[in-house]
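Going in written order, the chains are labelled A, B and C, and every chain counts its residues from 1.
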Amino acid sequence: MAIIRKKTGNFLEDFTIGQVLRHKVGKTVTEGLVNAFTEFSMTTNPLHKNRRYARAYGFRDMILPPGLVMAVVFSQSVEDISENARANLEYVDMRFGAPVYIGDTIESTSVVLGVTPSSRDPSLGVVHVQTTGRNQHDDVVLTYERKVQVWKLDREATVTKAAMAAPPVACELVLPPYDAATPYGALRHLSNADTYFEDFTVGDTIEHSRGRTMTSEHIALTAMLDNTSQVHCNQHMIDQNPERYVGGQLIIFGGIPFNLCLGLSSPDIADNSLGDIVYRTGRHSAPLFAGDTVFASTDITGAREFSGRPDLGVLDTILRGHKFVTRDGASEKVEIFYLERSLAIKRRSHYA
Amino acid sequence: MAIIRKKTGNFLEDFTIGQVLRHKVGKTVTEGLVNAFTEFSMTTNPLHKNRRYARAYGFRDMILPPGLVMAVVFSQSVEDISENARANLEYVDMRFGAPVYIGDTIESTSVVLGVTPSSRDPSLGVVHVQTTGRNQHDDVVLTYERKVQVWKLDREATVTKAAMAAPPVACELVLPPYDAATPYGALRHLSNADTYFEDFTVGDTIEHSRGRTMTSEHIALTAMLDNTSQVHCNQHMIDQNPERYVGGQLIIFGGIPFNLCLGLSSPDIADNSLGDIVYRTGRHSAPLFAGDTVFASTDITGAREFSGRPDLGVLDTILRGHKFVTRDGASEKVEIFYLERSLAIKRRSHYA
Amino acid sequence: MAIIRKKTGNFLEDFTIGQVLRHKVGKTVTEGLVNAFTEFSMTTNPLHKNRRYARAYGFRDMILPPGLVMAVVFSQSVEDISENARANLEYVDMRFGAPVYIGDTIESTSVVLGVTPSSRDPSLGVVHVQTTGRNQHDDVVLTYERKVQVWKLDREATVTKAAMAAPPVACELVLPPYDAATPYGALRHLSNADTYFEDFTVGDTIEHSRGRTMTSEHIALTAMLDNTSQVHCNQHMIDQNPERYVGGQLIIFGGIPFNLCLGLSSPDIADNSLGDIVYRTGRHSAPLFAGDTVFASTDITGAREFSGRPDLGVLDTILRGHKFVTRDGASEKVEIFYLERSLAIKRRSHYA
């Protein structure tokens, strides 16, 4: 007869270089998830919301927005990688592969690439992983690296710094071919007229006009993603030890502002995009809490040919999220999210 | 290199008579949307919730409740028509057509029928539009006119009063035929026994017994409808200029109480209805905020033959929503919604 | 011309022994409902979330978690049985039958087994019912008894104590057969490695490590279940008469903590379960309110052979939910839920 309280997730001392973690449960994407998230994010790209449009573009059905694919795969890795994390530090080389449809089943695996104990705080360290999500046909839908600050369970445990190179993962954005016989122009009123590849000027910054106030809804949204981290949903735990947790309150899961910032940028940047290609690096610059209103802006940093696809161009951008905080009676703009983002944008010459 | 902040939506001076606005994005109705909204509204008509019942009645599947059809089409028009509105003034001649099913794709168009600058406030005026929603087969599912108070972008812009007649739009409620061979009576326990056409008395007022407290959920519900108006979701914007916005807080999108009042009336009025036919006029008499509890009542104003359908009758009603506000320590009943509503109600003689 | 306010639901004096109530509306299970609830509950059993896994196990598709089946059937009985209840007292002999899939239509019936007026409070009494839910093929999916404290409408009405035995309802857990040719082991990484039948020790208590803070989301979740009880959603009603209602605030529908406690126990108890068999008895020991954080623990009380299924064992448990309440400055653990629960658990010998 015993009272048992199982350890949930891994702590810093549990990770070893090269370790492969096949994440549990998996997730079949439902119309419920897509409704909750696609709409939450306020995306305006019809590929995510209008079946008639998505099919005309050669997709089998509406496709999930990139932020939702990211949030699903990321969340599957939480128990094994970051259930005991203090903070998520960085996303690196996040690449999209096959489109994800309603009904697809996504399962994910991570490889441990590095472990680095903190030189400042003996109770912490950084874990570096590569996470890859696949659908039921074993097609890669997303792969990325991330660095995360993880607690030790035993503060005295010895952790040695170690690292290895990321194994190559074949993952390139899968797009339907351009079909000269399709009357794409008949659908052009469904997206903005000024967001084709020809419309962007490198060096411009676009401040997206809409904002969105977050509520305690974030707890349910996080659960819908199967993210099990307690810092997003267990207020009692935080109340027992508020100084251990950023802000002393429930912190909103990073996947939420990640999705929201992508969505807020959508009418200006991405509603004529066929897909996000890669996020070179990204980070949550500051925490987000219920009650905050999220805004976003995009810097246009590059515009390139899309090899083999004269109908498309690659747009390189920096997407930033921000909120306003009142300090000493003055409202101050605080960056909460930073993402180097490249998209495949339609050319007006071919589509409108 | 420039900092760009695009104009979102139209302002009073942007509208011209006869202008046709084909609204963006479109929406494929998912099981997620239907779950969130049908259940939110508390409707008790099995046609919206029970596939077995809907099919026995000759529908292909469960059908969307009328309020949800309205909210989807209306929301598609928001960016072009009322993103920069101060208040929605009136719905006129809102008629329902083909039933809407899960999986249908709805797209909408508006025609500008009138523009009237305010004689009192030079920064405002009224726009009058006719909006029509169609499914993927180009069947009209809804058409209506509305009048909305819209801000000018440039207070000095000259706006001339102009108006035109609404073009005719063929839109009549599409119903499956009555089938004498169907044992409808075997399903009669699934709806109320006292809400058949024979049960209503002109002149009666029915106070619906249930109420529903609204929460900040309204922000997410509004986003699910693709309604982009910032007054429903951007608290920061309101905090910058509270006196510009009704109530100085996030106002709940009218489509929400519209749905909720229909739903609250359902067990007394509409659970033996095959469909709402027309809303002659409607308006939001007072704003609704998170924390308010919504109630509804229905006046029975008429009971008529349904031409060509001896199995049905037309019930004319006035649906009112209200809430209670505490003023000087006393609770006061405030009307928030008014809708002249005609429904196609089953006759007990044919169905029970 | 009259002002009508219909009676909603039954009061104590309306119930008679042997009375059969066929509940209204019915419900087709959508992907929206499953997303909202399965994820809310935080269950980690892949049978509820991963189509690939569920099919490999011989199910036609992902199956609803037992708590959601219970919440759907129970809610259908609310208007007739407990719309006018003060408190739900006890669940008895709750047995599961056919698995429930997305797309199934559930309809429910109750039989009145007993009515007992309160000896202490003449305005109250206890109603004892047996409720059974069936799918569109008339297969029983759930049957159970419950006892509920119901208000009288007329305090002076005479109610005589009466009771009858529960009629037998054939309802046993329907499971796909074990198939020696299926490579179950290839999926073993999707569930925990230490929750097979062989892993449990009678006498142990497992304190589940995760907690979940409830928000006002409970109002919408309750509406999604079609539970019409006003004590969960009508704050105005409670404000008019706070001493009549437990806690003077909206009480969270019991189906919500019921689901959540099952979900919180899932990674330790049920992620290698093929189904819940029976809940011998259960009760809500204390009310739950928005803002409370819910925790759970499980006592292992028995481990038995599953007759005819050498691949499975029956695990008998007591699932408890609790929350913490601050009294006199000290945090106190309060039991909110108690459930005697038997599950069909996979044996490692056959599945891993």
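The rule is simple: contacts are C-beta pairs under 8 Å (C-beta built on N, C-alpha and C of every residue); 3 or more make two chains touch, one makes a residue touch a chain.
Please read all numbers here as calculations on a predicted model, not as lab measurements.
Subunit A and subunit C carry the same sequence, and matching their CA atoms takes a turn of 120 degrees, rounded to a multiple of 5.
Under half of the residue numbers at the subunit B-subunit C interface are used by both copies of the sequence.
One simple way to say how far apart two chains are is to compare their mean CA positions; for subunit B and subunit C this gives 35 Å.
Touching of two or more other chains is recorded for residues 30-33, 35-36, 216-217 of subunit A.
On subunit B, the positions that touch subunit A within their shared complex are 1-8, 22, 24-28, 30-33, 35-36, 103, 105, 107, 136, 216-217, 219-220, 223-226, 228, 230, 233-237, 250. Touching subunit B in their complex are the following residues of subunit A: 30-36, 39-40, 42, 44, 46, 49-53, 62, 102, 189-192, 194, 201, 203-207, 209-213, 215-217, 267-268, 271, 291, 293, 295, 323-324.
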